[in-house]
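Note that chain A is present in both complexes that follow, paired respectively with chain B and with chain C.
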Partner chain A sequence: MKLALRWLLVFSSTCNLVYGLTTEIFDENLKINHLQDGRVSTTFTFETVLKGASPRDPRTLNTQDASQHYVLFPLTLGQILREYAVTELHLTLNAGNWNYDRWGYPEEKGVGTGAELWAWMGTGAPTSVDDRWKGLRNALAGLFCASLGSLDEQRTTSPTRSYFPQGVLPNWNGNSTHQLRHASLPSEHVCTENLTPFLKLLPCKSLSGVASLLNPHRLFDADWHGMSVHVLWLGAAGIKVRLTFQSLMDPLRSSISNNQNWSFQSLFDHTIERNCPAANSSTVQVTLPSSDSYSAVPEPPVVSGSLATYDVLTAQKPLDISVSRRGEFQYPSSFQAVAPISVTRTLQGFNQANGRLSLVLRNHRSVPQSLVYLETMPWLVQFHLHTLQARVEGRIHDDVISDISYTAAVPHSRPTTFQAMLRLPPNSVTRLNMDVDKAFLRYTEHPPDAQRGWDLPPAVLTPLILDTNGTHLSDEYRLGEPIYTSTLLVDVATPDFSMPYNVIIFTCSLVAFIFGSIFNLLTRKFVVLHLDSNQGN
Partner chain B sequence: MDNNPPPNPSPWLRLFRRNPNATTTRLRRRQATVSFFTRRLSQIIVALLAVGYFWLLILPSPRLGRGTYIDENALQPGQVNTYWNWGDVHAADVYLEQLELLRDSNATSHQRAQFLMNEFAKLGLSPATQKYSFQSSSNHGSINGANAYAILASPRGPRNEAMVISASWLSRIGEGDGTLNLRGVSTVLALARFLKNYSLWAKDIVFVIGDGYLDGMHAWLNAYHGVKQSNLEAEPLELTSGVIWTALNIDYPGHSFSHLGLFFEGLNGRLPNQDLMNSVQHIARYTGQVPVTVYDHLEWRDPSAQPSELTFLPSPLCHHPEIKEFAYRAKNILRHIGYQARGRASGVHGLYHQFRIDAVTVFAVPAIGPHGFHALGRIVESSLRTMNNLLERLHASFFFFILTTPDQFMKIGSYLPSAILISVAMMFRGLRCWVDAGWRPDHPHSKKGDHSPRIPVWSRRSRPVLHVFAMMLMTHLCGVVLFLIVRSSFFLYRQKLLTPLIVLAVSLVPFVVPKIYYPFHQGVAPAWLLLKALNLCFASTVISTITVLNFSLAALLAVALGLPLLLAQPSKSTPLSWFKYILYTLLASGWLFLFQEVRDAIWQWEILSVWFAPFFCLVYTPLVIQAGIVCILPHS
Partner chain C sequence: MPFPLPAPLKDPSTLFYQSNVVKRSIIASYWTVILLAVPLWWYATSIQRLSLPISQIHSHAQRHLKLPVDICVEDVDAVSNLHAFFAEKTRAGSDGWSDLEVRVHGGSECADTSSYRVRNAPNILVTQNEIYLPLHDKQRLSSASEIFTSLVNPSSRTINQNNRVVQYSPQYRLAFTLLNEDASTGSSASNWDIQAGLAQRVKPILDKLQPLHNFTIESQVQYHGRLAFKPQAIGDVSYGLTAEDLTVFINSAEWSLSSSASNDPVLHFVLFIPSATRRPLHILTSDAQISRSKSFLLPQWGGITIYNPPIDILGKNADLPARVNDQVFQEFSRQLLTLLGVPFLPNGVQTHQSDISSLSDWQIDALMRRRALENAKGAHETLTSIVKLVDQIENMPVKEDVKGDVQGALDALEKVSPSLHSLPFRLLTNDPQTFAASSLQDTFRYSAEATTLASRAFFNPGMLALLYFPAEHKYAVYTPLFASAVIPLFVAALKEITAWRKQR
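Take a look at the complex of A and B:
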């Protein structure tokens, strides 16, 4: 009897596995690039495709959902997606500021500092999109141990000109539309507590395959790191979940002889010991240095151009890829611009009542460059839109900014959304300036560390892609890769929430009380009058 | 009104029931108190003045101070291992050699900035330069220069907080008279090379080499914060980082040093948060093993200190430790007052304070030994780690202090009352004059043989305030004219020639101003009394307001204005009145003969917006002139 039961168990699990492997495909990949300034960027990508699946129709939210049986697809994520009928979801958690001028474009384009969450959700549900958005961010906050719950109405916007669906949006019966919800939290600190739940979503955790290189001790010592979760619908092909982890290591930092050599061991302090059995494919791609004076060990089996590809499934274990170069590394005197523009955003002024938002945009190309400029600002910084001014090489140019759409902030409830089209002249420096007001907060609205100030989310600049004629596509323009600016820190008027502050408050109250009596004494004269007792009655 | 109390009030209720005579008693008591004060007002004023001046005198007493401490727990000074080592000292030496070559080849500002930028670029930092030029009427045309700076982006940092390590090309020794700060600059370069090897920086580190002494850094800070100044042309900064909370300025003019001196006074009397200074002091003492001093004054206990300056005292007193301690503290306080009252920055750090950045200068007091780059590097590294720990801007109202010794300071409560007491005395006297001006004693003719005391009969007289206000306004307008003249380049080029003329012109003001129609007759208060009342009240208000902005200036004003304004009074004899008047004129405008001081103050106003010069012309001089007018007005 016992034996029969065991056989049944083995049989059913084998069936399950076979079923899973045919309808769910898991691919893993690690891409390593050499950057101009000697750093090494590593990008881990884990993709699971749920074949033939489609997102939940929000109109069926009241009815019982079909049961979810996944083998490789992360169940906890799947449950959240179906509970709130989310069609497309993008979550990034990054630490650090991506330097486009030195590092070029990242492999994964969402590199805004802190947390960023955006989702496309269908309408027509019994519950509103905003209610589901609230549920979604709270559920994800729980799943990823991040403060996504504070991405509330004061931070939620719908910037449809900069964020397009990455997959396909289903059209249920032809009368359903989708809405975008976007929010970012620049003050989110990303660390181990976010990586652990991230690893739990992988079929092999960090035990085998490429994922075994994800060693938190090394990843969180990097110069930049970020993780992201993307869920999108591919149409008939099914639903894809892409989990990525990017980090930027500096081999020069720990190198005594000042050279750029790296290996898995030196970067991650781990090697790949065994394959992930669930993986359909498992590859490591290394962009080889342009010069010949390097050696890659083991010898790459496939090299196309400068891209060497290793197949982890067939490679000899333990796999420890290393690239070494001869000679010391010399920093170049200037860096070659990879991105078409570079941008610096600052908040100038040092008082607590107002300031000036300043954007310096450099167009490195010899052709005019158009881009979509998106600024989402919490209400505590309020724009004076009439002061928006663009100067090209010191002279005012009104034609730089066009096509503005602006949703003004509502104090204590709604953020500003500012979108505009910018057109930068070739090889030029353009300065955008706008005066801003800093809000005066209610004292309960101050955070516990009030003296630090408030983090403001990054602006996003999305260049338009040129077509072959060199002119921009007029109607359905295509967006290039977005460029995130750095975040800002704003000082609003803050009481000193400390003991001396209380003393000052008490003293002021006391003075205010005493003032009344003193004023009375000064302005009135009190004398004793004796009234006749008969007159008194 | 509670005329009918309930029939059986409980004992508790009885407590709250009014005694029918209570109001009368209270009023009597109040009247008695008021009359006690008014009768003894003169004694009270004298007592206040005596206590106030005495308090000012005993500020250096060791009994008034208390030990310094760290208020912000996040700072954790001196709690880290430092890694700055002899290899880094060697790097600093190599940088120094290159800088000396630059110095010997008489490199221009621009060449220097270019060199520094290349060095920063070799380290892989993002460097840039900034050219600037100031127009000034006092300094023979314009000041030009070029700053170099570089930003070390913090790993995993959001790029919205930064700390600054700076060194100016000229040292603060001799207020930028040309002594170079080469070792300070090479320390910054070597630190840049060293600090980029660590991944623990939570804030960006900005390395700035300011050209000149104060001018370069001022141009850089203005550009960083987007502040426009009409006489400054500065290139906008190519690179920026986030909000700067703290900064450290390194000044190392000698070839080695024995002590580290702390300089902290900023422009317009601003002081940095004491936590920063205390942290640096703590780190220097316990991590760097370097003794710390206030300014470059060595403690009297220090074996290398100069022999005592107290030689004028009899020898047993001269060697008394208590007196030596008092003298040492007095020297520190006087130096502090010298910087703060004039609104001067005691070093490059002073420019930061106006942008809410807490900064101090770490000054390597030149000596033949024993410390050098090794100690300095470790101290700066550890201080940066402490600054890196900050989660919030330094706050907690730790901005009011007088540092008497490196580890003792005076709290606001132990020095502020001195000036306040003097200003209260002035206010009381002013109010007394105001009351006196409103009443005229009429002595009734007593009959012969009547020995009863003659009780004067008081009658009201009118107080034409507007006339007196007009007089005061005139003097202040004269102050504006005086300031406009003094700051003009026409005056500054012919200073020695024009100064006597201007003093003469100032001395004529009291003759012109009272010519405003004033109804001199019996039923009207004498003009001098009214003018004195308003003058004293205004001066007192000014002093007590300034105490919290700039205590040293308030103390200086209390000393300079207190007694002179209180004593201003016309005399019955004309020569005496004239003598008084000349004294007041000298007090009001004698400072114009301090030629260099005037030039410096104007330069500070034009370039750094230090409001000492306009304040002196617009407030101090008119106040003293008003006292002079009081002396030459008719007595009754």
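Take a look at the complex of A and C:
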């Protein structure tokens, strides 16, 4: 007890010390890539590092927290992180379906449709991890104006095989453990009301520096867009907050002459006019086309390989980078696969009681490919795990699926977590099929637009990459970049919502009828009628 | 004589279940079941409304709370003088004097009850809980007494001009913001020495206010904080803010000042650095002259200070100079004291400590007395409104927790009245100072508890649950069932009664 107290004292004093000496560094970057189908991907990255800081020890949640003094770090986010003692946080809000086959891997990996939130939190706090998770998602819902509050226990899972901490998890007293909470909400629609609070977290908002290109009119006109917030602890280096915004623009759409030329002005309707005074570095990186027939204006000061880098801080303002190519854009007849596999997920079946989940996996490589397959399903779709069957090129192969871990759904409360290891033969098409049951919901559990159906979260497939000095799974494998499948829409049986009143009326009539008959029988008086004999004559 | 029936048939009137007695008892038993079910149905569908201690709340209104102030005068001759002075003030009863009971003791008799001491000295000087007055100088004594009384009970009008003082809360969040209007134009402040400013100017105050409030502190720096309006230009060189501008100065849509993590009231302190293109920015007086003041206060919200840094030729941003930093935090600390309602020392009073940040016990105690009275009054008003509300709205449930909170608030209010609980203290402790201090602190603590509990009861979400559940809804569900079942029962009962009457 005494020792614990002393440790607490030491901790709090170092904490104060840390807060007194922190320095903060802010870097901003914009990366522009050309994609095979003529689209242009733009990725804004804003990184703030709070040097020397450490996440809050959950055991100190009962005591008053140290004062928070920030220069560049977003205070509103910092308050939430410390209030709930969150060590690592990832929030993504995406609109649209990322097409891995055409677009390759995204710059930012989390591209699952809708909202996805996952966090690592330390245990040992006076309040449980689930309570803090609830507080966290409600606070973030308020901060980002998103319906993250509905990421309740019906959607929360803990899939530790597919999600690893990306930073360092602190070890406060030698045996402290961390828990993962993950939830996704595919029906979340991302729009301006989410971008405005996002911009408020940036030191320069959208008024100067690279961030001044973030023009909502253009960003939400893009073919695909998504934003994300990542908070992680780098160990002694401090806490890092990374805010990103990705969008996929199509210069061909607005082009009359069908060429792929773009400039800041044509993509964002803005140019960079001023430096962000808070930025330590501010760069724009452009992946130049492989052919020589292009011109980039202004001339890139640094080119390494096909990557041209502009330093915004020293560049002449207003900065309007443009890349133009000679000739028309030739739409390719086939796309070169960048991701090792491509995947199609569908929910088959025509009735509202059951169906079949089907996954088609194509291995493009000439080597066997191992994957971690994660399915987090709300309880309204229940798996029949014994019907899970893998067919390679039409023949049943049992050795494709191995190492299954399965947490069955509990109706009305817990979702399914299904994790398995898949091993795909080289250059093959593998089909996974599984029968599912669709739940019959309670009257009050239906959403307001019940006939639309329910969005189901994307599955995540994480390739395992052979690695000689791997860190994560085993000595030889590490997790590659995840591949998110598209979301599904499930049509569950919906009642006629005026039914309760009809039922009340029908039942009441029936009850009244039966009651009346029985009552009548019980109290009826029978009498003998004597017919007058005279009348008969 | 009726015709006899054929042999296999019976006359129904001879069957036992066709007798009037059986039939009537069947109908009677139906009605008994229904009548017995009514209380059960009533109980199952009624809203739980526990009775509140109404009479206790009303009787408490009759009681007038008087807080004692014990003053010990070193010089016995001056006792009567001061006593008369205070008696007159109390008799007038204005400006909060009616809530105080000032007792002046002299020499030896005051040893164990008084908390303040008056000593003799030519100049008026205040130390921790002592005051030096020119007790022997009859001419100066009356003006000195006037100052003395305003130290004991500062005029509430001067403290709470325009409702500046924030509502009492046990916990406040102090949010300091260095806000550059546009740092990208250069010559703005990129950072400030918040730690030094807080340590030198704010922390000493917060330590002194510890018995009243807890504080959490946070700070941030912002590089872009546009104003929602254009300040008017004065000539070519400077810009001005009129009184109307000040009321809309806060651009809460763009300045991310609000914090979302807690419900504690926030006091904001903003250092505003105007854009280099709109500098210097001044506050204008009502006759459009440049005011000497560089800061202003938004009642119950916080304070804003404007600093115009010199224009740097290279357009670089620099840290806030240490001297300016100190001035700014001195201003913030003054604004903090005003917002919290801490009375300033009356004019003409000297202290040993030269700077403002060390407060005397006189000021803290005066504030504590005022807050205690306010809280007790507020708690009582809240309790009365709860009773009124519950009385007015019949659908409003009153559950155990609400009742418990109301009772707790009442109990705390009982304890606020010092005469009740100070007696055992008087017996236990010999040290007059600790007794008096703990007594005032206890009073304050109970009053704070009372107001917290009362407002928790008032805002209990359970009280709203059935507020808008219409009675028509109930009938819509009941009528189809009960109307069709009860009508045959009624008719049968009526028939039987008429038959029975005829029989007689």
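Things worth noting here:
Just so it is clear, the second predicted complex is superposed on the first by the 463 of 537 C-alpha atoms of A that agree within 3 Å, B and C clash if a C-alpha of one lies under 4 Å from a C-alpha of the other, contacts with A are read in each partner's own complex, and residues count from 1 in each chain.
Here, contacts are C-beta pairs under 8 Å (C-beta built on N, C-alpha and C of every residue); 3 or more make two chains touch, one makes a residue touch a chain.
On a predicted model such as this, the values are computed, not experimentally measured, just so you know.
Legend: residue contacts after superposition of the two complexes on their common chain; A:Val527 is shown touching both chain B and chain C.
In the superposed model, A:Gly349 lies in contact with chain B only, and not with chain C. Using the contact criterion defined above for the overlaid structures, shared-chain residue A:Pro277 touches chain C, although it does not reach chain B. Contacts of A:Tyr331 after superposition: chain B is touched, whereas chain C is not reached. When both complexes are overlaid on chain A, the residue A:Ser486 reaches chain B alone and has no touch with chain C.
Touching of chain A by both chain B and chain C, each in its own complex, is seen for residues 504, 526-528.
Interface of chain C with chain A (complex): residues 2-3, 5, 11-13, 15, 18, 23, 26-27, 30, 180, 182-186, 188, 190-191, 194-195, 198, 214, 216-224, 226, 254, 256, 258-262, 317, 477, 480-481, 484-485, 488-489, 492. In the complex of the two chains, the chain A residues touching chain B come out as 37-38, 95-97, 99, 113-114, 186-187, 220-225, 250, 252-253, 330-331, 333, 344, 346, 348-350, 356, 358, 360, 431, 449-453, 455, 486-489, 491, 496, 498-501, 504, 521, 526-528. Within the complex formed with chain A, the residues of chain B that make contact are 24, 27-28, 30-31, 34, 118, 121-124, 153, 155-161, 196-197, 199, 225-227, 236, 239-240, 242-243, 354-356, 391-393, 395-397.
For chain A in complex with chain C, the touching residues are 20, 64-65, 67-72, 74-76, 79-80, 82-83, 139, 142-143, 200-201, 203-205, 207-209, 274-278, 504-505, 507-509, 511-512, 515-516, 519-520, 522-523, 525-528, 530.
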